[in-house]
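We call the chains A, B, C and D, going by the order they appear; numbering starts again at 1 in every chain.
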């Protein structure tokens, strides 16, 4: 019997565990221009990071290629929550799209996060809210909201107090305190954690001798960061992340990669940068993942989640030693 | 053409496993590449582009290229310059290899209506590549086409001496691009180096001389592709003469289909506030009048 | 005129700015087995990380390949400071080696670091000590010594009080607080900073379904991490790192990469993982770097250091925004 | 051979740009690759290895391979199985391509002295590859060589039926490895699947039967290469019979020349405390008596 890929995390019911990552899939209306791409193939769609006001974004160039990776500095260009809730989401509803939609919110203050959540709660076709406390654009003093447990917890608590929708906290890898931040988010009410967002990076253009990106630094994604992402997922799962589902992402480009994240402890996976060079990746990844599960004798995806761990309990981050 | 709508495009995009039909190395590291891509060839319009996955594992992202021409309605021909990893890998392919390409992408030149009797194309270096298909379309529409190419390096396509005299330049400025002249277009090459047969100066100066000579009655339309500074000058001259000018902007891209906002081009927004449009959907061809030329 | 690559940082006089990175070059006695490799070609040699007692190291496998990167978990296998000071360093001295040697020390406590520095100060042929406050093996409670300014500063201050040798503090990228840590190290007496050490990562073996490395996690190096390393060097230089010389490293494999780090603010560069697949890299890198300097019209290497920056002063880490 | 010294080795290592002379695909994803590498070919000894940079950009690290044999004193031949990215890329090379290789690396088998009249080689699958050069050397020394290969998959080298009867197995166990039999070695193949001509069981059982049959007077020396469990069993049997046994251990490597400590093999130290030796310098061949067989 073929193993089932059906997945439910934080109440989001998905045909497979593949969530199109925020910022790499627009608002779900672009990849469908490919005749061989169908949104119904994917587990869920996480919409582009949305702010309270429309946001211009960073000056170009906004993207650079690096060894096995991509550096971006979009700067959260988006039309603002008003346009997303009153124009884009209704348009998606009218199109008959059944794929679960997840909003991705980015505030500049705790209050903005809360207001964004409230506004999105009014939408009728949202399955969850992903709280982007890891966008390197939006800072809490000197650091990301997501770099330390306290600000992270404040944001999640504030968003939690807004009505109903399941909450996913999206964590940054740019901190030594991932486990503490994860725990703080769960304690503050996050229903799931997604990890990782991009690593801060820079490329310098050798002819102009200046940083290549208009914003100087950018976020590194793609295969290059996969080992860092797998380590974070493994570490958070080990430290108690198995108490809430984890969405693992960072460089997934085929079924092997997705299986690796599942074994590390991810209940679902994010598919991002690979879409830029292979729009068929979601199909290939779910086929590859199913084949792995079958070969290993797992009947359900959930049986494989965290299979790389010996024991599953909250522990002091001792697994970070190398 | 006005400020962009930021709406999803609904034009279909094809992915093809395109066999290499022919590769020819040209002077100065330029390369001409013919690919079998019937779905794309049948639907692509001048100014649209394809996104090509370089062979091998050394690159991740696809590389955008205009289409030089479509052939036999089944093939497309690219003309490109080796500048980095991706183009180096592309220049190494052999007939029979397959390339993973997607297209047609972008908006293309505005050929829907009110085209002018006279069209002036201004190109910098291999910015000439996406203009040949445009020149073909303009011929079909019956426009008289002029092409001014500026280059410090080797001319990316075959050149010959034109026997046609032009009143707005010295008679010894006669290097022409063979492909374009065969289409009936008048082509001249400008260079900042002194080179026999070349116009000494910028391509935009050729445009200026032409317009000056043609006088105020001239209802030309201007099309340009090349480096930012050249496009900016060209846009300025066109504006001075009150002419519509379309520019093809080469921006760095992620997805190529509108999903990632990587390919931002700063436009002057409705109320003077800048907006960023996507070169891969609202572009790569923009009305020069709405581009914010101070952005770079 | 050919630009000169001669470099002096923290009193270490080098024929070129290429420092062979700790852990990738043993004790300088291995690469010379290649007939076309000569230690005289390199600016300096940083010895394998050394501990007070001989150290067994981690269980194998200790190395894995990742997209454009290498993950290692050596676990600081080394013969201990006694053997290095009484056997290896004298052997190197006898061999007539002129290349400056830098010890790399790793303690488990502040006192151990201080004792290591004292012991190494007795050696007659050491040019400097690199203080490895970034080894993911050796932890200060839950975190690296190098993850927070306070423990970092304690280590450097303790080492500083030991006699004479110039001190280089080696920083970890696995923290959000790189600038604060850098500043703390300089304030505590570091003469130079080297950055970056490896990023924590993991690879899971899909057939055994367990982490591939014997130690589960490892340190990621190689081209994959270059954008992260360049961003850190740029950020620290911008924040005041120009007050002390920076040794930039992480994925350097050719002259372009080295030039990129120099422009970002590095006065010297570390050459590590590339040696595993191209022992000629030092020669190629210095040739490539000299060609870049010549083309750009720099007469001396030092003129190019930090050329990617507009202004050079201590600033709040505002450059981390993407 | 005793516990390792952790001293730098002073044997020279050559880097060669080695042209591919011949590639042949064998059964079961095995591949035989002949490379022109005169400096290495002239100096490499059985059990030493080379470190090969796979072509293209998809891998960083070199891949270690034993040398199947040296040919004409200028070429080396590798025999490998496609298991991952690197070996897949290597299997795709064509004659004339050049591979970046370094060697000779490692210590090699101990052939300096007190070699035995009888040598028994035990291999798991493509663990047979580094043993052919050893078998050649043993023939030169005049030893009678036996080879027992265990494999569930295809035998990595050409096989034929041996006409020679062996007293310690059924007469229908007669599959032999042609190359080895031509050297005068007696070879038999073991498999856990029932296959005609194969010995049904483990290669180590063939060893055990052989030693049992030969009796206690047999002064054989045992050499083995293959998976850990097989080597552990083989080492145990050799110890039982008080025979010297050398094992070639395949560890994951970084530098290949002793600088990085990646290739650690746990040995029983002098005073019972474990030590890690470097497979690339103190190995890949170890005295089975000092290997800590509980390490994995």
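One rule holds in what follows: a contact is a pair of C-beta atoms (placed from the backbone, for glycine too) under 8 Å apart; a residue touches a chain by one contact, two chains touch by 3 or more.
It should be emphasised that the depicted structure is a prediction, and the values quoted were computed from it without experimental measurement.
K.L.:
What are the chains that subunit A and subunit B both touch?
P.N.:
The shared contacts of subunit A and subunit B amount to nothing, since no chain touches both.
K.L.:
Please report the minimal path length, in steps, between subunit A and subunit D on the chain touch graph.
P.N.:
Counted as steps through touching chains, the separation is 2.
K.L.:
Could you give the separation in Å between the centres of subunit B and subunit C, each centre being the mean of its C-alpha atoms?
P.N.:
47
K.L.:
Rounded to the nearest whole Å, what is the centre-to-centre distance of subunit B and subunit D, using the mean of the C-alpha atoms as each centre?
P.N.:
The answer is 59 Å.
K.L.:
Hey, how far is the Cα centre of subunit C from the one of subunit D, in Å?
P.N.:
Centres of subunit C and subunit D (C-alpha means) sit 37 Å apart.
K.L.:
Could you tell me the distance, in whole angstrom, between the mean C-alpha positions of subunit A and subunit C?
P.N.:
Here the centre of subunit C sits 33 Å away from the centre of subunit A.
K.L.:
So which stretches of subunit B touch two or more other chains?
P.N.:
none
K.L.:
At least two partner chains per residue is the criterion; list those residues in subunit A.
P.N.:
58, 68-69, 72, 222-223 - these are the residues of subunit A that touch more than one other chain.
K.L.:
How is the touch graph of the chains shaped: line, ring, star, complete or other?
P.N.:
ring
K.L.:
If we use the touch criterion from the header, which chain pairs count as touching?
P.N.:
A-B, A-C, B-D, C-D
K.L.:
Which stretch or stretches of subunit C touch subunit D in the complex?
P.N.:
Answer in residue numbers: 23-27, 29-31, 33-36, 48, 56-65, 68-70, 72, 74, 77, 79, 222-223, 273, 275-277, 279-280.
K.L.:
Taking the complex as given, what residues does subunit B use to touch subunit D?
P.N.:
56-58
K.L.:
Report the residues of subunit C in contact with subunit A in the complex, numbered from low to high.
P.N.:
Counting only subunit C, the residues touching subunit A are 58, 66-69, 71-73, 75, 136-137, 139, 142-144, 147-148, 172, 174-177, 198-204, 206, 209-211, 213, 215-220, 222-228, 230-231, 234-235, 251, 256, 259-260, 263-264, 292, 296, 307-308, 316-317, 319-322.
K.L.:
Show which residues of subunit B lie in contact with subunit A when the two form their complex.
P.N.:
Those residues of subunit B that touch subunit A are 6, 8-15, 53, 59-62, 102, 251-266, 274-276, 295.
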